[in-house]
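Note that chain A is present in both complexes that follow, paired respectively with chain B and with chain C.
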Partner chain A sequence: MKLSESLARLRYGLFPDHLVGEVLSKRWTDNAIPLVFLLATVIGVGTAIPDFFSLASLADASRQLGEFAIVVMGLTIVMLGGGIDLSVGATFALSAFASVAVIYIMGGPIWLALLAALATGAVVGAANGVLIGYLRLRAFLTTLVTFTILHAIYSILVVNFSAQVQLADVQTPIWDFIGDGGVAGFPISLIVAVLVAILAHVFISRSRLGWHVLAVGGSRRSAFNAGISVRRTVFMTYMISGLCSGLAGFLIGARLSGVGPGTGAGLEILALTAGVVGGNSLGGGRGSIAKGLMGAVIVLILTNGLIRLGFTSGTNQMVLGVVLALAVFLDVRWLKNRSKVLAKVYVAPVYSALPSTPSAEPDSGSPFALNDRLAETEFIGLGEIEGPEDVILDEDDNLYCGTRNGEVVRFLAPDYKQWEVFAHTGGFPLGLAFDRAGALTVCVGAMGLYSVARDRTVTRLSAETNRTPFSILDDARLRDPNDCDIAPDGRIFFTDSTTRYDAHDWALDSVESRPTGRLLVYDPRNGRTRTVLRGMSYLNGVCMAHDGQSLFLAESWACRVHRYWFDGPKAGRLDCVIAAMPGYPDNINRASDGGYWMAWLGMRTPSYDLALRKPGMRKRMTRRLPQDDWLFPNINTGGVVKFDENGAITEVLGNLGGHSHPMVTSMREHKGALYVGGILNNRIGRYRLEGADPSWTGMRSYWGEGR
Partner chain B sequence: MSLLDILRGRAITIPPLDGAFRPNTLLEDAEAIARLTAPDDLIVVDGRVFCSSGDTVVALGETQPVARFDVRVACLAARPGGGFAAGLEDGRIILWQAGSGPEIARPAGLDCPTALLFLDRDRLAVAQGARGLKPSDWVRSIMGHDRSGAVWLLDAAGGAARRLADGLAFPWGLAANVDNIIVSECGRHRLLSVPLSGGPAKPLLTGLPGYPARLTPAAAGGGWLAIAAPRNRLIEFVLREDDYRQSMMAELDPRHWIAPALASGRNFLEPLQCGGVRSMGVHKPWAPTRSYGLVVRLDARWQPVSSAHSRAGGQRHGVTGLVEHDGRLLVASQGGDVVVVLP
Partner chain C sequence: MTGWFLLLGRRRQEDTVFLLTILLFLTFSFVLHGFLTTGNIIALLRSVALLGILAVGMGIVVIGRGIDLSLVAILAISVAVFLNLLGQSYPIGIALLLALVGVIAVGALNGVLTAYAEMPAIFATLATGTFVYGLGRSQFLTQDVIYLPPGHDLFTAFGNARLASIPVEVVVFAFILVGAFLWLRFSKYGRYIYLIGDNLNAARNAGLPVRPVIVLQYVVSALLAFVAGLIMAAGIHSMNTRIVNSSLLYDVILVVVIGGIGLSGGKGGVRNLIVGTLLIGILLNGMTILDISDLYQNLIKATVLLAALIVDGVLNPRDEQTDQQGDI
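Right, the complex of A and B next:
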């Protein structure tokens, strides 16, 4: 091996390039930008003002933060629902006035003051909600109007009643405690804010209504089509925002023991900036309470910091404006480019040198030499089915296959001209196997392991296995369940080919060639799924050996076949039976002569084999070219090979040029004929096998005579 | 330059098939008039159409070859006043007249004739593809970034040879244009105008969507251009990937390279691109491909006005020779082993 190749192998083997894509594909990466900004703000302001983060300073700031954060959270919920609320500042002020008026003018009790504040918020929220949610007015204009009206009312009230409030001599210890006191050093407003935050977070992320809010914000039309009451949901968000402003108003009323003409002025801009800077999308649907809180902290530190630094309020506003503009810009760019960047950086190739192998060229004289015998097949369901990855026959000779439409289709014996949808599973049904009771076990791509009983009821057997510690991608879920087979005791062994790509992107896994395939076993006795083997290169076909104690496993991108003993004296042993092939193996199934049929889904090409040794080249290729132009393994030509217990090749069936069966992903022998399926084909082929046992069926081979 | 380029590297683009190059199936549906093995160059001599195929020159419609050589015939040119010249794979240039062929004297370094053009009975322009390579090694020249091509002017009467241009990337076609020779420069996807009087070559038409091969004049003015192979983003990428490209050229059989080709899809060891995957029995005509059939009509200013195509998955690929005869255009599809006629 050349030095440059050894270096490439080390470089791409040791450095976890794939983590970049995995991290980017996580929703929580949306928090990255606001978090960085928060840290930058803290460090920047902390350096500029030495005692900014002193205790005294913090106590004062946290009191402000409490009220402000509550308002921001209300606004965040409105934004998540796809709306905007400009009336929060005015609601806040009016609620503060309401509570102050109850205490100082009416001499009422605290609870009444709180109730008055909340009622004010609720009334405003309800007004906004009815106008925007039910009457479907524009959120921006409507709340601008409410803001103007409320502000006018507030100004009138303040002018008329502020003297009364100031002159009132009312002593209410609890009121003062709420305003100035605290528990264990934490001001009441902050404690209330934390409680509200927990409540709001649970509401948004865990409750049905919260999910509805996100759904409506993400796409009103889809939410409506999904049966969500869009109008009521929108109404609710404004209601919540109003209540939050009301609560915050009560708290500031208590803190200031009164209200002034400046109370709540400019608060809507501050809150809006906080919401957006935190990373909540203005378009709705994306964001969280945590982001709102982060934004609130950023904005508060920024404004307080600027004041402490002696900037005038004009400068202050300008800085906020710039920050808001920057946040909106980043929001738009991030939203627009995230998926693009992800698509570009997700594929993270590794070095892979395939061993050299005898040629498959027709005149090469090697045991693998392809011929054109599969061109002689008769077609079943030509142009009527799409993507029969696996085919199987039952004891009545009916033929089953999955299709890319998420259906298991049954062709009726004896001529297979008529067909019906046997069951709808969704996903992409791939590997098939009959269990002892005659139920069809199906590996459904992107979903999991399913069982279709004889009465066509679909049951999910397994959709998850144990998660690997410290994995970023959730590898507990089954991403690409590919083929299954059933042991004599009923345990279902099945493969999950990759944890990195979804079922329909299976060929991309080859470009990456990172071994993440797994062999799993589902035990029907306790319903649990366990990972048996991991770290294999696109683990694909699995087939019970005739001894009932071991199974054959095909590693597609490594062009290898293994034998794994799960029972008996050799239990746990893994042997490589075929170490190198000129084709990529797919499903393996039993043959009547004691051997095994194996599908080749495609053929190795010299240029691709070379590219596998050049991970850097493949990486740049995926970034600089559109996917249609990427170099792929040749999956336009496939074939079927038969091997014996020792891995020696005994027969090859090919289709040169691939006009009948461009790729073969599965085949089943049944009563002297071979049925051929392919994941990208629109037909099933039937090939008459010369000299094969005309009575042999897979059902009898597995479950005994009489079947 | 976009912000994304930092993350992914500059995206590789190729000229789109649009405008005069809008795809159609004219070439694919054209009438076949002769089935030959790898027909290469076409000329008209005394009303008969001659075509080079392997080591023979055949006249279309006749069973016996007109001439047979000991190596492959690389290019042909009709000689005013009768006879023709043939450039051979080993570098020789033969003047053929009535059954016999003396070799014309060549200057040192002219060893790869890819196109010939008589300006009059004696003056013969020769395109030299690449030094040290054979005329059929055009793929190696392109993948090797070879720039040793040249255009020579020889004198059949024994005068001195003159080099009109050099430093070219596999010139593959010649056409006369008043005081200039139009040269198709395969490796740089362009047409050049080379003055006969000497002086620098001037680009006439750049950014072709394929690798241009031979040129032939049109009776109505301007000419026709054969495009041997399409440009392909993966190939352009490999051309920039020196490490991979050099390993590929050193280790792999040229038939299996990621490189332009005159025909493709015949062997399962050839490279496949994602878009070329056959799905549900369909091979997309717009799939990325290494071979393509394309003939371009050029106006009097040598700008493209229309084109005839055989698209991905088609048969009439790898057009290298063409000639007008009886008001119709004959096209040699080397990849499709056929000579077709365009109305």
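Right, the complex of A and C next:
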């Protein structure tokens, strides 16, 4: 190996480039900007005002924070649902007036004051909700107008009643305690805010209604088409915001023991800035209660800091304007460019040197030499199906395959002219296997392991395995379940080809060539799924050996075949039976003569083999070229090979012109014929095998003569 | 029935509003003592002129599918700074030039934030409005109200000028209306604004200079705000920056929406602005004659605006399938 290659291998093997893309693909990275902003604010204000974070100062600020945070959380929920509520300040003031009026003018009890404040908030929220949710008015303008209406009402009320409030001589210790007191040093308003925060967080992140809010905010149209009541959901968000403002109004009423003309003035701008600065996306769908809280803390520290620094009036607005503009700007840019950056940096190639191999050239005399025998296949379902990745036959000779439309299709014996949709699984059904009871086990790409019973009921067997500690990507999820086979005891062994790419991006995994494929086992006795082997390069086909104790495993991008013993005396042993091949292996299935059929989904090329040894070149390619211009492995010429127990090649079937079966991903022998499927093909091929046992079927081979 | 209703709603909103305006005018003429007098009509026109000039600025931006919430802040701060410069005995030409540069800069900032940074217009202009007020109030001005220093007779004379007994602001308003009409209807960039407001992506694909035109529309609206501010200051010889907190901005939006310029852009014109301005002007004037206090006037105006929004929403409902994501 040349020195430069060794260096490249070290560089791309040791340095975890892939983590950049994985971290960026995480939603929690949205928190990075607001968090940095928060730290900058804390450090900046903390150094400018030495005693800003002293205890006395904090106690006062936290009381303010409580009320403010409650308002911001209400607004955050509205923003998550794709709306905006500018009436929060006026609602806040009006609710404060309502509670103050109950205490000082009516002489009513505390609970009535609280109820009055909440009711005020609820009425305003309901009005906003009806206008924006049901009448579908524009949120910004509508709440701006409700704000002016409420503000006008509030001003009228304050002018008429404030003297009465000031002159009232009412002593209510509980009221004063809510305003000034606290529990263990924490002011009541802060405690209430924490409770509201927990409630709101659980609501948004753990409840069905909360998810509806996020769905509506994320994509109104999709939410509507998915059957979510968009109007009711939007209505609800404004209702919640109104209630939050009402609660906060009650708290400020208690704190100030009265209301003035300035109560709640400018609160909407502050709250809006807090919501956006915290990282909640305008237009909805992205954000959280935590972000709202972060924004509330930032804005409060900033404004209080500016006041403490003794700036003249107006400075606050100036800074707030800049912060608001900056936050919206970052939000818009982040949203627009994150996916672009992610698409650019996600592919992180590693060094991969494929061992040299005998040639596959026709008439080269090597055991791999291709021929044109597959050109003689007859077609089944030509042009009627799309993407039969795997094919299988039952004991009545009916032929099954998956399609990219998410269906399992059945061609009826004996002539396979007629077909029907056997079951709809969704996703992309790939590998197939029959269990002892005759139920069809299906690996559904992008979804998991499913079972279709004889009566066509679809059951999910497994969609997750144990998660690796400290993995950034959630590798408990099955991303690309590819092929499965069933042990005599009923355990289902199946492969999950990559943890880095979704099923439809399977070819990208080759450009990266990072071995992340896994062998998993699903145990029907306890319903658990466990990872058996990991770190394989696109682990694809899996086939139960004739001994019932071991499996043949195909690593597509490494062009290798392994044998793994899961049972018997050699249990746990992993042998490489074919170390190098000129083709990329796919599914493996039993042959009637005691050997195994293996599909080649494509053939290695010298140029791509070289590219695999140049990770830097592939990295530059993925960064600088559009995907259409990337160098991909050749998946336009494939074939079928047969090997024996020891991995020696005994037969090769190819299609040189590529007219019948340019790529092959699967094949099944059944009663003297080989049925050939391909993930990019629009047909299934049937090839008559000379001299094969005309009564041999897979069902009998697996489950005995009775079938 | 629906078709007729749509015709009424979509094509004829300004006609309906015009009819309403005449009805209101006639009602006030008969019911209100002192409404139909030359003095009051002139006062009405004067008060309407200011609102109308601002509405032209807002209208142009709204046609281009934007909104300018910084209008009143620009008006107040630019003129206050201008008066302040006069107070520091700058020559009027220099002061005007400096103020003009500032106004164009703020307008361009609005445009750049919406067109190039692609921020939603409401947030961009809300932020610049807040920023401009804060900057002017904290860095340039020492008090809320800035008075015109003595010795600027030309300026005050301008404020009191009459053209055939028509006050100068009305004349200016008329000029601006004619100018806006000609610009929007016949000039290349005026037509571009409609195209951009109607479908921004289509306009961009057609090769229109979308971003510069958006910047232009915000600069125009900022300039109109400055003009309105100058007229205001010429009349009352001062500028109260607290006007930022008043309901003037809502009145301007009210005029535009009531006049029938759809907030989704691409529709409407000067005719809509005229009927909207007249209706709101007559309403405000009538309420003042009725001696309704400012507080209640605000309440009534806001309620009327809400009603207008509801009618607009019912006549031009938004569809779940075609709604723009993030279009709030």
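Things to note:
The working rule: the second predicted complex is superposed on the first by the 705 of 707 C-alpha atoms of A that agree within 3 Å, B and C clash if a C-alpha of one lies under 4 Å from a C-alpha of the other, contacts with A are read in each partner's own complex, and residues count from 1 in each chain.
As a convention for this text, contacts are C-beta pairs under 8 Å (C-beta built on N, C-alpha and C of every residue); 3 or more make two chains touch, one makes a residue touch a chain.
Not measured: the values here are computed from a predicted model.
Partners chain B and chain C fit side by side in the overlay (superposition on chain A).
Legend: residue contacts after superposition of the two complexes on their common chain; A:414 is shown touching neither chain B nor chain C. When both complexes are overlaid on chain A, the residue A:310 reaches neither chain B nor chain C. After overlaying the two complexes on the shared chain, residue contacts for A:572 are found with neither chain B nor chain C. Residue contacts after overlaying the shared chain place A:680 against chain B, while chain C stays out of touching range. Of the two partner chains placed by superposition, A:262 touches none, neither chain B nor chain C. Touch criterion met: A:632 reaches chain B, while chain C stays clear of it.
When the shared chain is aligned, no partner comes close enough to touch A:469: not chain B, not chain C. The minimum CA-CA separation between chain B and chain C in the overlaid arrangement is 13 Å, rounded to the whole angstrom. In the superposition on chain A, no residue of chain A contacts both chain B and chain C.
By the touch criterion stated above, chain A contacts chain B in their complex at residues 4, 337, 340-341, 344-345, 360-361, 370, 383, 386-387, 507, 603, 605-608, 610-611, 614, 616-617, 620-621, 623-637, 656-658, 662-663, 680-683. Listed in rising order, the residues of chain C touching chain A in the complex are 113, 117-120, 122-124, 126-139, 141, 247, 250, 253, 257, 263, 295-296, 298-299, 301-303, 305-306, 309-310, 312-314, 317-318, 320-321, 323, 325-328. The part of chain B that touches chain A in the complex is made up of residues 3-4, 7-12, 232-234, 237, 241, 243-244, 247-248, 251-253, 256-258, 265-281, 287-288. Residues of chain A touching chain C in their complex: 82-84, 131, 135-142, 144-146, 148-149, 151-153, 155-156, 159, 219-221, 224, 230, 269, 276, 282-284, 311-322, 324-325, 328-329, 332-333, 336.
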